[in-house]
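In the two complexes below, subunit A is the common chain; its partner is subunit B in one and subunit C in the other.
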Partner chain A sequence: MAIEPELIYIVVYVTIGGVLGSLAAHLCPVGGAPAAMGTATGIATGTIQILLGAVVTGLFTAATVSTFTNNIVLVMISGAVGATIMMQVTMFFANILYGFGCGITPTSGRVAVDPITKADQTSYKTPQTDGHGIPDVVFISGTLGGFSGGAGGALMYYTLLHYAHFTYGTAVIAALGIFVASAIIASYNIRGTIEGFQDPKFKRVHLALIPTVVISILCSLVVVIATIALRGA
Partner chain B sequence: MAAEEKKAEEKKPEEKKVEEEVVEAKPKITDHFKFPPDETGLAIIAGVICVLATIFTALPAVIKGLGLILATLWGADCVRKTSKYGLGTGVPSIGVMAIGYGVIGAILGLAFARYGNVGQIFPGVLLGVVLMGLIGLVSGYFSNSVKWIAMKIPRLERAMMELGMAGTFANLLMYSIVTGSLRFDAVVTWVMDTGVIAFMFILGVLAMAHPYNACLGPDERRERTLLVPVEITGLICIILGFSMLVLGTSPFHAVWDGMSLIVFGLIVWVVFYTRYIKTCMKECYATVGTGLIKTID
Partner chain C sequence: MLQVVLLFAWTLVIVFLAFLACNFEDQESDIGSQSNPNSMVQLAPQVGQIHRFFNKAISGEPISNALYCGTAGMVTWITLSWLEPLVPDAKWKAAVVAIPMGLLASSMIHTIFATTAHCGRIAAQKRFQQPIYLDVFYGHLLPIATHGFMTTFCIICIAYFQSNIGYLAGGGVNSPMNHPFALPLLAFIWGITVGSIGSSTGDVHYGTEREFQDRPFGEGKRVIYHGRITRYADCGIRTQKDIAGFCCKFGGPCTGLTFGFIILLEDWRTLVGMKLAGFLTALPGITRAEQMYIPQGDMAAIWGIILGLIIIAAWIVINMIFVKWIRAKCGPFVGP
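Here is the complex of A and B:
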């Protein structure tokens, strides 16, 4: 049996989606439990909750757009925009709560000077804490993370919809499953909290690359086997 | 003085008895309520029963519900044994992973369901379980290996393998309950495209990740933690029963199948929820009521 290009597209695109998801896990500002008390920078929840929320929103927009277009770039960007909006709204309201509720200024705990706006960070940081709120650089990093994650999820969705010939619902849920499987490996790499690309922990990103690629390839092979089995009858 | 004390002592147990009779209808067996002595035993029992409940899709929904309880118990136990070493990203992450793997494995299993099936018996779906175990093993190796992510959690490989398998079983059993068969087209029509899958995804994650997330702490006890997944599976059974009734997809084309699942879920939920609350009350140092909710001693 000759290998059709569609099956190779599934493997390639799902792997790219997994790598984008892994990158998103490293870019999103995750604060965890310390952020809930205002003693760490980032959104006050775990990596996978943030990513799941972002990618579900992205898949929602991508699925809507894919009902009237077959353009892969358009579907991907629509998913990315949906996820980005979700991340930005979350970060914005987290800042409102931190600023007007807790009365703390958004400050990065990992860098002395904001690498983008050059604003001073150290003098606003409460001693003994790890920064608080979502400062400018973290907001930009989170935006990039949402964009990357949404694009990855939407790419997987498009692949499963058009190359594996799943229905809309099946493609969404399978894309979610594969995205989660590859993003969680990346989230274990950052161990709890991360601020974004300026964080020293971001330098560990290469360690998560090979595991994510392998897991994505294995998951895409599962989809390929399922596609062949479904086509058989 | 002494007589008074004696009287009070005599009176006290009586009062307690009356209160207990009022509050709990079930006998108090929490003390010697033990799951199979160890994690391996639970895994083997749950695995065997889940295989049987998954393959024979013509079984009544209640029996599949029992299999579902064992699958989520198995998953919650695996979450417990990995998370007690500290994952760093929170307990829910590994529960989401189990159901994420489960969805992929279930789709593969469903694709193979048509091979080698005899009537309503689908041994082909087990291929999805096996492959997900393999992928779980690989991801466990990468997470634990010092070269890559280096989580250094003992036996993480095995736990991730079991999580993949338990997640796949849980997903397959939920599909099987709602559709009454494991044919790909039927599952796509009745589960995926109707959106019931969203409930299944989130409630499956809840059943696996929530127990340890809620109970973790220095005084965590395995038997007490494992009461929670059973209780949550009762809730899942109620929702699945309602969706069976609404979709009308019982293999027996009868209402009693869905109704019995709802009743079963309700009984499981009430029994295990009250038992869990009582166990917590008994094992804690003190319960201080706020006055809003009546405390049970």
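Here is the complex of A and C:
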């Protein structure tokens, strides 16, 4: 049986999307439950919770854009931009709440000096905490994470829409499902909280990328089987 | 005939509803303790702090809000498919009946989940002598359902408007401007988003400030404080009603602003991109299948991306300014 190029695109693009999703999970600053109590730096929720929110916002924008363009790059970047804006607004208003609602200054608990602005972090940190708020480097890391996650989700969505010929709704749900699988594997690697690319935990990102590739290939093979079966029907 | 000004106007209505939706979402996670701050309510009996909080925590907020909104969206959509053929000239009459029916189903499920979550979680803490206070249980179920109702109402309205925005702007029932997703899927997606935002922003006001209100203002909550939540306060023994009444003054509106801004910056810039590219004027007479192949479509996407990149750069600068200002205002940490 001749393997059509569309089926190869499905496997390749879904895998790339999964890898981008895994990278996004490591870049997004996740403080988890401790951050909700001002005990850790980052967004006060879990890895999957925030990534899901960012990626569905990106997918919404990507779906809107996919109705009036069929250019893969434009759809991908539209999804990336949508997810990034969601992450940024969320992080900024988290800072507003920390600052005005709790009187807490944003500071990192994993680095002594901000690598980007060179601002001192240690002197602003509350003792017996792991930092609090979203300082500048963490915000930048979250921006990059949102961009990567949105791009990965939108790429998967475009692939399922145009190469697997799913309908709009099926494509977005399937893309979300495959994305979540990749992100969850990354969250196992993170093990709780991560501040972003400046966090020492980020050096372990390659350990998550390998299982992500395997999972994404497996998911894309399921999509390929579904595509062949649906085409036959 | 599609009226561009109505498209923008309906988008602003959607933005306003988004503000309300996330405001009430944060309140819903305050009136029945949920998500990350609930970890402290869960921990409290284990460190000897018996409390009268409503330990709801059905699941993480994105998933629970996806449940309420997805259920409501599904029932609404099914009811609409029955009722809309009866009123072909005034589809809004079907929506006025269908949306409350969807919300009723969602509220009933929400109440069931709140019951099982609270009773199950507190029953599991029997070994720490934490009782199930029946007055706390009965007295919070209706407020929980009400706040969830308001969140879901706003999200379902957003989903309805987005899936019919072309029609509402005069473009005909099958206008290509209608969002390609069906109403339940849009409700599900926005349920996830609203839960994600409420979990990330509003929970900070509850978890850091209100839950530990007897600790000093102006510092992060130290690890040794964890579990030792404020139980006796301004009006006697604290319950969730005291929590929600406090957080509605700052945490709720801030969270609502977050989602409102996100919807504004997403939908508005997409529409502005379409306008700048001349896509909206090229739209009349084109079907959804054809609109993907006109050159104005690519330009609309490009303009949307350019505006998005400008917005991204602006937020980075705004955050840097705010962080610098708050650090200068509060200064380095002083104290033990």
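Here is the rule we use: the second predicted complex is superposed on the first by the 233 of 233 C-alpha atoms of A that agree within 3 Å, B and C clash if a C-alpha of one lies under 4 Å from a C-alpha of the other, contacts with A are read in each partner's own complex, and residues count from 1 in each chain.
Just so we're on the same page, a contact is a pair of C-beta atoms (placed from the backbone, for glycine too) under 8 Å apart; a residue touches a chain by one contact, two chains touch by 3 or more.
Because the structure is predicted, anything quoted here is derived from the model rather than measured.
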| message | Looking at the superposed three-chain arrangement on subunit A, would you call subunit B and subunit C a clash or a fit? | response | clash
| said: According to the stated criteria, A:Leu218 is in contact with first (subunit B), second (subunit C), both, or neither; which is it? | reply: first
| request: Scan A:Met37 for contacts with subunit B and subunit C and give back first, second, both or neither. | output: second
| said: Output check: A:Ser187 vs subunit B and subunit C. Expected answer is one of first, second, both, neither. What do you get? | reply: first
| Regarding the shared-chain residue A:Tyr168, is it in contact with subunit B (first), subunit C (second), both, or neither? | both
| request: Could you say whether A:Gly177 touches subunit B, subunit C, both of them, or neither, answering first, second, both or neither? | output: first
| said: For A:Ile210, using the defined touch cut-off, is the partner it touches subunit B, subunit C, both, or neither? Pick first, second, both or neither. | reply: first
| said: According to the stated criteria, A:Gln49 is in contact with first (subunit B), second (subunit C), both, or neither; which is it? | reply: both
| request: Could you look at A:Gln88 and tell me whether it touches subunit B, subunit C, both or neither (first, second, both, neither)? | output: second
| field | Which partner, subunit B or subunit C, touches more subunit A residues | value | C
| query | If you stack the two complexes on chain A, which partner ends up touching A:Ala119: first (subunit B), second (subunit C), both, or neither? | reply | second
| task | Starting from the residues of subunit A touching subunit B, keep only those that also touch subunit C in the other complex, and list them. | result | 32, 45-46, 48-49, 52, 168-169, 173
| subunit C touches which residues of subunit A in the complex? | 32-33, 35-39, 43-46, 48-50, 52-54, 56-57, 59-61, 63-71, 74-75, 77-78, 81-82, 84-86, 88-106, 117, 119-120, 123-129, 131-136, 139-140, 143, 168-169, 172-173
| field | For the subunit B and subunit A complex, residues of the former touching the latter | value | 87-90, 92-94, 96-97, 99-105, 107-108, 110-112, 114-115, 131, 134-135, 138-139, 142-143, 148-149, 151, 184, 188, 192-195, 197-198, 201
| said: Show me the residue ranges of subunit C that touch subunit A in the complex, using the header's touch definition. | reply: 35-37, 39-40, 60-62, 176, 179-182, 185-186, 189, 192-193, 195-197, 199-209, 211-212, 217-226, 250-251, 254-255, 257-258, 261-262, 265-266, 270, 274, 279, 288, 291-294, 296-298, 300-302, 304-305, 308-309, 311-312, 315-316, 318-320, 322-324, 326-327, 330, 332-333, 336
| Mind pulling up the subunit A residues that touch subunit B in the complex? | 32, 45-49, 52, 166-170, 173-174, 176-181, 184-185, 187-192, 207-208, 210-211, 214-215, 218-219, 222-223, 225-227, 229-230, 233
